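Per-chain residue numbering starts at 1, and chain names A, B, C and D are given in the order in which the chains are listed.
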Amino acid sequence: MIDFARGFMPALDAATATVRQTGNLDGAKVGIALTLEPKTACLAEAVASLGAEVSVFGSGHSTKTEVVDALTEEGIAVFAETGADRVRVDLLRDRFIDVGNQYLCDDGASITRRLHRDRRDALKHLKGVAEETTSGVRPLRVMEQNGVLEVPCIAVNDARSKVLFDNVYGTGQSVVMAVLDATNMQMSGASVVVVGYGKVGRGIAAAARGLGGRVTVTEIDPVAALRAHHDGFEVAPVADAIGQADFVITATGIAHTLTAEHVAKMREGTVIAVGGAGPPEFDPSIGPPLSGGDTVRPNVRAWRTPGGTTVFVVADGYCANTTAGEGNPIEIMDLSLALQLRALDHLAGNDLPVGVHLLPDEIDDEVAASQLAASGLVIDIPSQEQAEATRSW
Amino acid sequence: MIDFARGFMPALDAATATVRQTGNLDGAKVGIALTLEPKTACLAEAVASLGAEVSVFGSGHSTKTEVVDALTEEGIAVFAETGADRVRVDLLRDRFIDVGNQYLCDDGASITRRLHRDRRDALKHLKGVAEETTSGVRPLRVMEQNGVLEVPCIAVNDARSKVLFDNVYGTGQSVVMAVLDATNMQMSGASVVVVGYGKVGRGIAAAARGLGGRVTVTEIDPVAALRAHHDGFEVAPVADAIGQADFVITATGIAHTLTAEHVAKMREGTVIAVGGAGPPEFDPSIGPPLSGGDTVRPNVRAWRTPGGTTVFVVADGYCANTTAGEGNPIEIMDLSLALQLRALDHLAGNDLPVGVHLLPDEIDDEVAASQLAASGLVIDIPSQEQAEATRSW
Amino acid sequence: MIDFARGFMPALDAATATVRQTGNLDGAKVGIALTLEPKTACLAEAVASLGAEVSVFGSGHSTKTEVVDALTEEGIAVFAETGADRVRVDLLRDRFIDVGNQYLCDDGASITRRLHRDRRDALKHLKGVAEETTSGVRPLRVMEQNGVLEVPCIAVNDARSKVLFDNVYGTGQSVVMAVLDATNMQMSGASVVVVGYGKVGRGIAAAARGLGGRVTVTEIDPVAALRAHHDGFEVAPVADAIGQADFVITATGIAHTLTAEHVAKMREGTVIAVGGAGPPEFDPSIGPPLSGGDTVRPNVRAWRTPGGTTVFVVADGYCANTTAGEGNPIEIMDLSLALQLRALDHLAGNDLPVGVHLLPDEIDDEVAASQLAASGLVIDIPSQEQAEATRSW
Amino acid sequence: MIDFARGFMPALDAATATVRQTGNLDGAKVGIALTLEPKTACLAEAVASLGAEVSVFGSGHSTKTEVVDALTEEGIAVFAETGADRVRVDLLRDRFIDVGNQYLCDDGASITRRLHRDRRDALKHLKGVAEETTSGVRPLRVMEQNGVLEVPCIAVNDARSKVLFDNVYGTGQSVVMAVLDATNMQMSGASVVVVGYGKVGRGIAAAARGLGGRVTVTEIDPVAALRAHHDGFEVAPVADAIGQADFVITATGIAHTLTAEHVAKMREGTVIAVGGAGPPEFDPSIGPPLSGGDTVRPNVRAWRTPGGTTVFVVADGYCANTTAGEGNPIEIMDLSLALQLRALDHLAGNDLPVGVHLLPDEIDDEVAASQLAASGLVIDIPSQEQAEATRSW
C-alpha cells in the first residue's frame, strides 16, 4: 500500500529531487510525528532516502502494523504499535523524544509542547519544527506571543498549497466517507449539522451537499456564518439544529465543542462524528453512560442517553477520517507531504529566528506547480504588458 | 448489523404491517435471490415474520458469514456461503431451486431464466416473480415478447419509488464511495469517465461531480448524450475519453462494454470499476494477462497492459458497490425492500396473468409516503378547486 | 434579433433540410400559436421557407413589435399586437382562426379547445395539431378520454428531446433569471419555495440552488416529494414553507395553486412569481387589493396584504420567463422548434388516426443527434456483441 | 427603485444608526465616486441623512437618469449624466474634485490617483479614502510602497464582509446573468472559459457551473490553478481553451488580458464579456475592425475577425454586470455599502496615519452580524470552556 500510494505522489517526488540537490537533510536527525499510515510512511522513506536519520512516532488508534513493519525493515526507527494503550503510547512517545531529533514534523504541536514543558533535555537538540495542522499552529502562535517558544517553527499548515487543499478537499471527502462507510447510510435526503465553518467544516459541508445532504452550519463567527448562509446552507445555533439531525459532525478544532447537554437533545438514531484533528472536541461531560455503549458496527458505538434515545458515535469521537478511514486521500497528502519535506529543508538550510514562520511563497508555488505539471495541466505566463500593469499605479 | 439496519427501515416496517393485514404470504413458500447482506436479510426476516416459509440464495463474492449465521438461527433456509467458488455456487443455486418456491424475489432474472431453461420441474411451482433490477426486467420483457415467459412478473425495478431512488442515489453514492475507499484516492480534481448515462450512470456522474470530479460521459443514445451535455458533463466517444481518465466506471448493464482494446488506451494508473449490477460489463477479450495481476490493496488488482502501463481494477470487474462495499445504503434499500414485499403480496393476493407487470401506482405511492412520513415530511393535499381543474379541459 | 437567434439553431436548420426533402408542408396552411418572440419567429420563417402558407397568433403581454414587423415584411400573416388588451386579443384570435389552417402549432391547447367548443367551422379544416406544453397535452388527453377530440394531435411536449430539456433547463434558467432581473436581488443566501416538483419545478429548484439559494419544495405527489428530498431539498407543506420565504415560485400548471390565504402568511418583502406556462396559477381569491398595487420596478408590483405586509409580484402572475424575460433560451428553443417542425411534417405526411400521439422515437433521436452534432459531440455506436446482448435473454 | 432597494438593506440601516451615534460625519464633506445606480444612491442618502455635505460622481456608461434626478431633488450634488461622453465625464470629474471633499468613497482609486497626480489643490482637503475594489487597493498599495501616498486609506475591499461576498456571490451571479440576458442564451451545456480564478473568477465559475455550464479556468498562479482543478474545473492555457468556448469571460483586473490574437482563435459565435471592474481588460490590439461591429442585440456587438468568423461582445468590454445589468444585487451591496459608511466614520473619528489600513475586525464582524440578524439567523457564543481552550497552549 505504501508503493501504491507512492505511485500517485508526484509533488513529493519533485520535492525529494529538489532537496537532494540542497543536501540540507543529509545526516540530519529528523523525527516524524504524524498519523502513521501508508502515505506518511512515504514521507519517512523520502527523508531517509536523502541521507537523514529518521525516527517515527504514531499514536495507537491509527497505527497500521504493516506500515510499522515496512518502515522498520528499511532501517527507520518506529515508535508506534497498533492498538497500543495510553500508557504504552506515552512510553513510545518518550522513547521517540529520547532520540533527540534536530528537526521535527509535528501534528497538533503535541511533541513541541511536550518538549517545551517537560523535556527540555531533548528541546536543546531541536533546531526547527514543521507543523502540519491548524490545531498545532494555534498553540504555537500563543506560545510565541507569550514568549515561551524557543525554536523556529514553520506553519506548514498555513501554506496555500496545504490549507486550501488538505483541509477543504481532503478532509471534507474523507470525513464524510468515513461516516457513511461506518454506518452504511445514505447521504441524499439526510439532514447534516456541521459544527464550525472553518476550512474543514467547509469541506465537510460541501462534500455532504455534493452527495445530496441538507446541511445546517453552526458558527460562533458572524462572517463565517454569513459565508455559510451565502453558500446556500442553513445557519442555526447548535442547540436548535441538532434536534432534527441525521448526522452531527463537529469540525471546530476546539475542545468542549459537543457536550452531554447537546447529545440529550438529539433524536433517535442520530449519528455523531468528529472531523477536527486537534484536541478532543467532546466535552468531558460526555462520559459514562454516554461513552460506554455497545459496538453495533465496526467503528460505531450505540450510546443510550438518559432520556432513553439511542445515538450512534463514529470512532469514539476521534477524528473520523484517520480512525475509521485511511485519512486524507493520496493526492492531497502528496501536496502536504511535499510541503513538509520542503519545510524541513528550509529549516535546515536557513538560520531562521525563533518564531512561527510561513513557508516562502516560492516554495508554496513550486509544490503546487509540481502537482499541476504531473496532472498535465498548463498555466499561462503573464505577458510583459500584463506584468508591467501589475507593477504600476 | 441486521438490527442496526432494521432501525432505519420505516418503509419496510410499514409494508410489513400492511401485508400482515392481507395475510397473503402466510404459509407461502418464498425464495429470495438477492445479494445476501444485512439489508436483504431484513427482508427475509420480514417475510418470515408474516408466516411464509423463506429460503435465501446468495452468490459467493458478496455473501457475509454473519448474515448467513443469523438467518439460519432464525430458521430461514440459507443457500449461500462466503467465498464459495463457481461450482459451489451452482450447487447452492440448484438446491435453492429444489425448494420449489411459489414466489421469488429475483435479481437480474437469473433464477427465473434458469427455471424456464433448465428447471421446468421447479418452474411449475412458481406463481410469481418480483424482479429487482433493470438488468433483470430487460430479459423478462424479451421473454414476454418472444412468448416464452410462463409466470406473472412484477417489474419492481420500474416502480417510481425504486427506479428514481435506488439506481440514482443509492448506487450513485455507493459505487463512487466503493471506488474511492478501495483506492484511498481523491475525487476532487480527478477525471472520471462514466460509460452509460442511464439511471445508474447519472447517479455515479452526479456523485463524482458532487465530490469535485470532472466527469466525461459516453453514450450510444443521442437523447441521453444530450441530457448529459445539458447536465454540464463532457460528452465523448469512450475510446477518446478514456485516454486521460483517472477513473473509468462503466454502468451500461450490457455485456461487452469494456474491451481489451479500451484498456490498451488507458494511461498509467487509471482505475477501472463497474457500477452495473447486471451481466459482466467486461468483454471476454479482457483475459490474462489483463485479469491476472497482483492485489495491491484489498479489492484492487494491478493489471499490466501489453503496452507496459499499469491500470488498477476494483473488485475484479464485479459491481463495485456490492463487492467492494456494502451495497446500496440502508434508507434506499428500505424503499426497494418495501416494494419487494408489497410486490410479493400483490402477486399472492391477485391472479395476475402471465407477463411483465408494473406495480400499481397506489402501492408505489404508499411506499413513498411511508418513508416520507417517517422522515417527518408532510406534503399537501390538492384543494377541491385544484382537483377539479386537473379533471377538466 | 431573429437573425442572431437563428445563428444558434442547428437543430431547426437540420429539421428544415429534412422536411424540404419530404415536401409535405409545401402548399399547406400552417398556423403557429406560440408566444411570439424572435425564436418562434424563426419557426414561422422556416415553415414559410418550405412553401407553406403561414399565419401566426400571439397574445398581447409577450408580443414584440419588431418581431411582428419583421414577419409581416416576409409575407407571414401576423395576428398579434404588442400591448393588445383582452378584447383585442380575442378579436385577433378569431381572425387567426378564420384563416382555416390545416396544421397548427398550439400552446396550452388553447386554439384547439376553442375550435372544438366554439369554432367548428374552422375545426373542419384542421388536419393535425402539434402541442407544445404539458399544460396543453393534459386537456388533450382528457378530451381523448372523453371522446370529444376530433383531430390527430402530436404531444410534442412529451418527446424526450423536448420534455427533458425545455422544461428543466430552459424554463429553470429563464424563470430564475427573470425573477432576479426583475428585482435585482441576490440568490445566494435566499430562501426559495418552489411549489410543484414536476419538470419545470425541478429546473427552477436546480437553478436556484445552482446560484446559492436554499430551496424548499412543496408537493402533492409523495414520489415527487421523496425525489425532492433525496435531491437535497427541504420538503414542507406550502402553508408552512411560505412564511419564511424570500421567493415563492409556483410551477404546477394547475389553476388555484396560490391563494389569498397563502399570500396572507408571507412575510414582509417576499417576492412571488409564476413559472408555469399553463392556466393562471393564482386563485381568483387573489383580487384587489392584492392585485392592484404600485409598480415599484419594471415588471414588479407591490401588493399590500390585509395584514399590512408588502409583498412583490413579478409579471402580475403571468409566466415570469416569457413576460418579464425573453422566454426560454435559444439553444433550448432550437430543440423544441425542430420537434415542432418535424411534428408538422409527420402529421402532413401520415394519415394519423384521431387521438394524442407521441412523436416517433426515430424523429426524437434525429433531432437530439442534430444538436449534438452541431455542438461537435460524438457518441458511440454499439458493437455487434453489445447489440446482440441487448436482444437476448 | 431606490426605495425598493433600501427596503432590503438592513446592514446599511444598522450602520447608519451606529454612525448617527458617533456624529463623526455631521458636517463633513463626503464625496462618493462609485457606479451611480439605485443602490449606491442609498449610500449617498444615508450619508446625507447623517448631516454630511454629499457630492456624487459617476461615469457615463452606467449612470441612470432617474437616480440623478432623485438625488438632486434631495439636495445632493450630482456630477453624473447618463450617456455622457468621455470629454464630458472628464469635465464632471473635475467639477466633483473642485468640491474639495474631506472623505471619499473611491472605486478603482481613480479619483485618489488623479488627486495625487494632477489635483494637489484638492488633495490638501482630503483626510481619508475608503476604497471599494481589488483593482483600487492594488495601486494604493503600490503608491504606499513607493512612498507617494499622502492620505490614510481604508481598504474596504479587503474587509472579510466585503471580499468574501461582493466579489464572489454578487459579481459571480450578476456577470453571468448579464451575459445570458444580453444574448438570451442557455448556460446548460455551454462551454465557458473563465480567465482568472481570483474571487470574481471563482464567483463567475461557480455561477456558470450552477446553471449547468462546463467551465475551463485559465490562470497564471499555480496555487489558484490547482484550486480550480480541485474545484472540479478544467485548467488550460487561455490560448488553448478559447478555441472551443461558447463564452469567454475575463476576470483578472489586469490590463492587456485579452488580445486580438486571442480573439482570432475563437470559433464562430463565441460570446466575449468582461467581469473585472478595474482597468480595461481588452488589450489595445483589439481595435477596429474588431471593435466596430454592428449592434445585434442591446449590449451585444458583432465583431468580424480577420479570419472571417463572427464573435459577439457584451457591453463593449466594460464590466458586464454594471453596464449590461444593474450591478451587484441589493443584499450584497448592502454589506459593501454598510462597510463604506463604517469606513468613512472610522476615518473621520480616528486620526489614522497615512497608509493603507484594514477595517478593524470588530467593525467587519458587526456589519456581518447586522445582516445575519436581519435574516433571522442566530449564531452561537463560545462557552467559557471553549473560550479558555482557544487562549491556552
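The working rule: a contact is a pair of C-beta atoms (placed from the backbone, for glycine too) under 8 Å apart; a residue touches a chain by one contact, two chains touch by 3 or more.
Because the structure is predicted, anything quoted here is derived from the model rather than measured.
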From chain C, the most remote chain by mean C-alpha position: A
A-B versus A-D: which interface comes out with more C-beta contact pairs? A-D
How many angstrom lie between the centres of chain A and chain C, each centre taken as the mean Cα position? 52
Just the number, please: Cα centre separation of chain A and chain D in whole Å. 37
Scan chain C for residues touching two or more other chains and write them down. 169, 186, 188-189, 209, 212, 226, 229-230, 375
Chain A residues touching chain C in their complex are 186, 188-189, 209, 212-214, 226, 229-234
Within their complex, chain D touches chain A through residues 109, 113, 138-140, 142-143, 146, 160-161, 164-165, 168-169, 218-223, 225-227, 229-230, 235-240, 252, 254-257, 259, 279, 283, 335, 364-366, 368-369, 371-372, 375, 377-383, 385-386, 389-393
Any idea which chain A residues touch chain B in the complex? 1, 3-5, 7-8, 38-39, 169-170, 173, 177, 180-181, 183-190, 207, 209-212, 244, 269, 296-297, 300, 325-326, 328-332, 375-376
